[in-house]
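Each structure below appears as structure tokens.
Shared chain: subunit A. Partners: subunit B in the first complex, subunit C in the second.
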Partner chain A sequence: MGNKGWSILFGVVMLACALSFAVAPMMGWWLPRGESSHAWDVDFLFYVIFWIVAFFFILTEAVLVIFLWLYASNPDGKRPVSESAEAVGFMKPVTGFLNNEHRIELAWTFIPSVILLYIAFAQVSAWADIKYAARQKDPWKSATVGKTDGGAALQMAVSARQFEWRVRYPSVERFKKWMDPKRTDKSDYDSFGKAPQADDIYVVNEIHFWEDYKITPDQNKPNDHVWRHNSVVVYLTTRDVIHSFNLPNFRVKQDALPGKMIPVWFRTAASRVEKMDGKIDERYPLHKTHNCKWDNDKNRYVDGINPDSGEKDNAFIFDLACAELCGWGHYRMIGRAFVHKDQADFLNWLEIAEKENRKRE
Partner chain B sequence: MDSHGTPGTTHAHEHHELSFIRKYIFSEDHKIIGIQFLFTSIIFLGLGGLLALMVRIQLAWPHYEIPLIHEYFKTNGGRIHESFYNMLFTMHASVMIFFVIIPFLTGAFGNFTIPLMIGAPDMAFPKLNMMSYWVLWPAFVLISFSFFVDGGAAASGWTGYPTLSSAGMPIGGAFESPAAPGSGHGQIFWLMSLLCVGVGSMMGSVNYITTIINMRAPGMTLYRMPMTIWAMFITAILQAFALPVLTVALFFQLLDKTLGTTFFLPDGLTFGNWSPHVGGGQPLLWQHLFWFYSHPAVYIMILPAMGMVSDIISTFARRPLFGYRAMVYSIAGIAGLGFIVWGHHMFQSGMDPRLGTGFMIATIMIALPSAVKVFNWLGTIYRGNIQFTTPMLFALGFVSLFIIGGLSGIFMAATPVDIYIHDTYFIVAHIHYVLFTSSLFGIFGAIYYWFPKMFGRMMNDNLGKVHFFLTFVFGNCVFFPMHLVGIMGLRRRIPDVTAGILERNTLPLNEFMSISALILGTVQLIFVANFLWSLFFGKKADRNPWHANTLEWTTGNPVPGHGNFDTVPVVHSGPYVYGEFGAKDNCLQTEKPEPGMAGAAH
Partner chain C sequence: MKKLFCSLLIGTAATSLFMLTGCGLDQHPAYSPGIEFGVRLDPIIMVGTAADLGDDRFEPDRPGVLPLVKYDDIFKPEHPMYAKSAKIAEREMLRDPANLTEKDRKELVDALKAHFGTPANPTINAKLTGIDEATVKQLQLDDATLAEGSTRYRVHCMHCHGVPGDGRGPTARWINPHPRDFRQGVFKFQSVDQATDGQNRPPSRGDLERTLRQGLEGTAMPTFGILPDRDIDTLISYVMVLSIRGKTEYEIIKGCYDFDNKAKMLVWNGVFPDTKAAAQFFSNQTIMDGWKVANDPARKIKVYPYPYKDGDVDALKKSVMLGQQLFTGSKEHPRGDKANCKQCHDDYGRQARFKFDEWGTFVRPNNFTQGTFRGGRRPVDMYYRIHSGINGSGMARFGKAGVLEGQDIWDLINFITVLSYPPMRDKLGIRID
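After this line comes the complex of A and B, so read on.
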């Protein structure tokens, strides 16, 4: 064995690394389920890169280990393989290629560059859809599918500070106006992000929105409905240092920058009718996301409820955890996302929150 | 300065005796300066390592008292305070980057190898070289003392993002910070210290560029230079172009903190209930300036290691370096692209997302030259006669783990995927695979490799192998699971992983990593013992113990003081003429290779 033992060390350690990635998903050491409509894209791209990277990791490490085994110096110092010797069996088909330095350099420059360009361009549209302002539907009409109006998008303003998230919602009255199919006051809607009003509702460390609602694109076919998903627009600011609005379950992350207001858009996962014509995009899996319900004993909404079973389930607690170092309390600058099952449930919460706000005044 | 004298004539030495202080302390000899850098870097490596171990202990056992220092935190129930934790990782990173990796690579090995490997008697500017080391001493003093100032050392991350780092008290107020205790005096010390480091690096890089361009021995054409020298050359160019930007940024932040300017402070900041500032600045500007330096700096921290590893692999595989020119081009490619990818640190920062798309494509393409280098290293060991010496093991460890560090970079280069993994432990895993298991492995390899030329003695090879074995195994145990906890959503820079629901599940993996880290830290004592013992009692080394070809091995042990070479070396071949040719399988660069020898084409 002698020198060849080292190739075994390299082989075993690299194999252990590879295996840990195989075992991790079984142990639950993996991505949390994606709860937003774009999470599917993000995760898909993650797996595209993952499998390409895994292939090249195994290929290059295997070649390294095999070479270390084959070409380890003999104990007597003689060369294990003569310079002029024939190639080992499995290498024979590519011997001519391997002996031509220029050709092989070209090959291993050209092939990876094609793969890398593919990886790069595969990302572009998902990134644009998630972050470009120009790609977002006008929030005023964003819940419109086909000819059916679903109301405007829910707007909230999040102001980060050391060490909490302070969230501003519209008053119940204003909210109802926004969701009215016959709404007209667009300037009032558009001013929400820029100018706080006296009747706004403030909540700390909780962001609330709702999962989806049923709409029927064609009124003549009442049973032919689409689960249309609600858009959320967050107007993100900070008043002291940089924080990061991070909803890992929703694959949302955006730094809050002092002196700037940055809008963040996302939708929950329950439905993905993002085609402009209102058709369901069949690529996507569909699952329920709402995670909270009214608790009579506690007299408040509680989160962490599995929407399928209605039972308590920690997998359905969605942290809003600051992701940019913001001082000593950074680690515990954690809010929660409450996803209501529909607009009515959300409205119910908003009314309660408004009462709480008014009580303090 | 001109060393292109008549070949073969004896070099004119001035044989006056230098005093001890001129010879070993304020020395103008590049070898002594290199060794000075080496010793200081090793000491700071110890400090940075201890800081890292304290970070790891806190992460694994967040609700326990930290041994030894819990007395200091009596008011906090014996547990370390969160802002102290922020200081730990901030200073760990700052020390490791600015006082360990960069001085090791460019300071210690740049200084030691460049004149020797190009056949020059010394650096072009010996006095400037001396100053490039001594200007670091204010930096050492400032960074060490900053732990003891009011509020503690800097605690806003090694990136020092405003406004956390730079918000100040009203004009006329003290130097405390309204944002974090460490962002007061500690941050000011940190800024001043880094400014000194920058000045030192600048002096070094100017010197390296001039030396390599002007002082090569006769026959040492550019394409006969060893890869180490190519890497040092391109690194020096990178530093010369990027450092001024960091220096300016550091100055701006220092002015913000001390003179009340507002380069990085916008209007309307409010801390608690009071607004300390008039504004008008832009915090994002710091990030642009900082990363315009610090992204090239990532390559400053890896390219020299790549160069040294190339030389080590070729030497111990007894094979010419595969694709020498492609290797040079890919180093140049990395350096060139390295200047247009800084925005990939800022995808989620509030920078216009359309810029992110451009930065993403440039960033993903930078993987290409890195891949070419890996393939070339594999091509070098193909059909080699691999000698598993300690330097070779570390070099091979570098290759196998740089693959991981390189590949994991593609995830975070992809903007949509980065939304999720940005600021998680996935990033921490990536940087440690590149800087610890790659750069530091390259450094360890280089120490074992050049130790005989530096000190005339060999390091113990068996102890070196034990050191490699344990470092390789436990290094992976510490850093590989960080990918997994990152994928699980664990944020970086938090002292208590049980704070968030999603992160709580990572606690067992964190314990595993921390126990591995404690072992990894302990294992380094083997290296320290080997190093110190070998300095005094190591086996006397031959002139060319590794049967390498490059010029430093043609001169005596120890290398003659000023002048390096007894006669001016004349170069007849490239650095990598290895293979099967009769009694020996190498051909020194000063020898004329027989026609047809592998690698003799250069």
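After this line comes the complex of A and C, so read on.
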């Protein structure tokens, strides 16, 4: 046996890693379901990189374990003598290749370069779609489909600080104005992130938006409609140190830097994405995302509600976490995302929040 | 031998890794039963106002300096009270509980323990304090709730507010403003009327709940809204007990001893026959005259109805103008001299100076041009603050009879609200530069 114990230890660790990966989805340790329109792209990249890394991890671990086993010292402390690569039986088919130093160097330079270049190019479009302003649909016309219109994108301003998220929404009056198909005045829409108004609505540790909404091009034909997913623009600032705005369920992560206002865009993955021609975009997951409802007993909206059953379901708790170690209370800097069924339900919440913000008695 | 050592090392590392994840362990472990509250060691302010402790200053409160941790600290040149330390000592403005005799200290510890238990088993001993079942139920001070609250407090609050609620927990040193010290029974942000009837009353449970759920913007107090409702309820109960216990201790040390200048010792002054009787009296008074009264809905501040119509720009313009006159103490307003907010909120708060508060820490009058309101930004929150003041901070109670009228308070609120919005200031014709 000798000192072959080490190879067993490393082998067991490798097997435990592989096993925990295999059971992770069943135990709920894996990525939550993607709820935003770019989630598919992010997950695709994640899995590509994951499988590349997993392949090389298992390969190198296997070689490590085998070599540890073969070359373990004897109990008398003598090390085994390796005279040539010939000694390793299973390496025979590649020994000729290995012996040629020039070719082996080429191989271990070229293959990783190709992989890295592939990853570098594969992520470009996804990154641009998520982060570049030029790639975003104009928020003012975010819900315009052909001649129909569902309003501008929802804007909110998130101000991070140790250790909570303060969120600012426009007043009901301005919100309604911006969602009006006949809207023209966009002056206060553009300045929303930079210029707070006295009638803004403030909530803490909760961000609210809605899932999707219906556009009826012809008011005379109410059944002839399209569903549009909702766009959200978050203006992110921080009042103290660096924080990171992370919505894991929506695959959104953006650092908040002191002194900067950073816009973050995302769109909910609509449950009913239909285009004007009636076709369904197959890439988007067809499931309902909304996770909150009005609770009469508690007299407030509660989240974590499964939209299909209407019951409490932990899979529908959408965290708003801080993803940058920001101080001792980093772990408790956690809020919740409330996704409303439609614009009307969101407006209902906004009206309640405004009433609370304006409370005079 | 070496092999044994290696396998032991690996085994320990693997086990501790597993334990670090916290899987399956109790999320809210209780205090160990041996821990006791003890008797406070930091000085108590005896006479004079907070202003006598030191001068107002521009320089900000430095994190790491907690005034009044130890009495001797005030004689160190870097301490904020150093400038007036000779006068403080001469007037006996501060009482140092370290001067209690061994016997008195033991009696005090025993009396407090009998009344309020230990951190692991907190209680309000109804028999000793003489409060009835109905009050215990109304204030939710039963033992089961308190024991649960103590475990939650240990996880969520203790590291800032400290085991006895003294605001001197391990992280408190680096926090500015300092965490609240519950032991004087004084809380800043509440909706209980302090202007027309009594002052420095404790808040209602609803006020504490609002602080827990909303946090205090601009301070290190975060929101705890994500906790289950039951946890918030039990936390409120436990904070109440810490406050009642602390206040009882505070009143006894403040009122039941005389300072013997020769022996440099505190001697029992005989107002009460013994420590037990004193503890009984003060704990009963704190609960029945303090918390019970504060939780009576009839004691809530009666808010004067908002006198203007929403959307009426001309009325708002006039209201804001009146508000500015009140704020600056202008003679044009009949009650301008009574408000005169700029006396402390100098230059609309931009030049406001730090002052000592009733806890011996620093507090700064709000800078209204920044639009941060610790006690909440709802108009009604601001009404409470102006009407009944902010306990302990030196903010006056303008709702007192003969000071300001309801409409004046609304004018001030309208004015303060627009201060942090420059375009709105222009629109309403307000100049502050």
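Just so we're on the same page, the second predicted complex is superposed on the first by the 288 of 361 C-alpha atoms of A that agree within 3 Å, B and C clash if a C-alpha of one lies under 4 Å from a C-alpha of the other, contacts with A are read in each partner's own complex, and residues count from 1 in each chain.
Simple rule for what comes next: a contact is a pair of C-beta atoms (placed from the backbone, for glycine too) under 8 Å apart; a residue touches a chain by one contact, two chains touch by 3 or more.
Because the structure is predicted, anything quoted here is derived from the model rather than measured.
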Following the overlay on subunit A, give me a clash-or-fit verdict for subunit B and subunit C. clash
On the A-aligned overlay, A:Leu31 touches which partner chain: subunit B = first, subunit C = second, or both, or neither? first
Between subunit C and subunit B, which one touches more residues of subunit A when both complexes sit on the common chain A? B
Kindly classify A:Glu324 by the partners it touches after superposition: subunit B alone (first), subunit C alone (second), both, or neither? first
Would you check which partner chain A:Pro196 touches, where first means subunit B only, second means subunit C only, and both and neither mean what they say? second
Is A:Val53 touching anything from subunit B or subunit C once the two structures are fitted on A? First, second, both or neither. first
Once the shared chain is lined up, is A:Leu19 touching subunit B (first), subunit C (second), both, or neither of them? neither
Regarding the shared-chain residue A:Arg358, is it in contact with subunit B (first), subunit C (second), both, or neither? second
One more residue to check, A:Ile8. First (subunit B), second (subunit C), both or neither? neither
For A:Ala62, using the defined touch cut-off, is the partner it touches subunit B, subunit C, both, or neither? Pick first, second, both or neither. neither
Touching partner for A:Gly335 - first (subunit B), second (subunit C), both, neither: second
Subunit C clash site on subunit B (candidates 312-320, 510-518, 528-536 or 564-572): 510-518
Footprint intersection on subunit A (subunit B / subunit C) at 9, 162, 328-329, 332, 334
Could you please specify the touching residues of subunit A with respect to subunit B in the complex? 3, 6, 9-10, 13-14, 16-17, 20-21, 24, 28-32, 38, 41-42, 45-46, 49-50, 53, 56-57, 60-61, 63-64, 67-68, 71-73, 78-83, 98, 101, 104-105, 108-109, 112-113, 116-117, 119-121, 123-124, 126-128, 130-132, 161-162, 239-242, 244, 246, 248-249, 251-260, 262, 304, 314, 317, 319, 321-332, 334
Taking the touch rule as given, give the residues of subunit B at its contact with subunit A in the complex, in rising order. 81-83, 86, 156-157, 161-164, 167, 179-181, 265-271, 279, 282-284, 317-318, 322-323, 326, 348-350, 353-354, 356-357, 360-361, 364-365, 367-368, 371-372, 374-375, 378-379, 381-388, 393, 396, 399-400, 403-404, 407-408, 410-411, 414-417, 419-420, 422-424, 469, 472-473, 476, 480-481, 483-485, 487-489, 491, 493-496, 499-503, 505-506, 509, 579-580, 585, 598
Touching residues (chain side subunit A, partner subunit C) in the complex: 9, 162-164, 166, 195-198, 202, 204-206, 298, 328-329, 332-336, 356-361
The residues of subunit C that touch subunit A in their complex are 10, 156, 159, 171, 214-215, 217, 220, 222-223, 225-226, 229, 303, 305-306, 371, 377-380, 383, 417-418, 420-421, 423-424
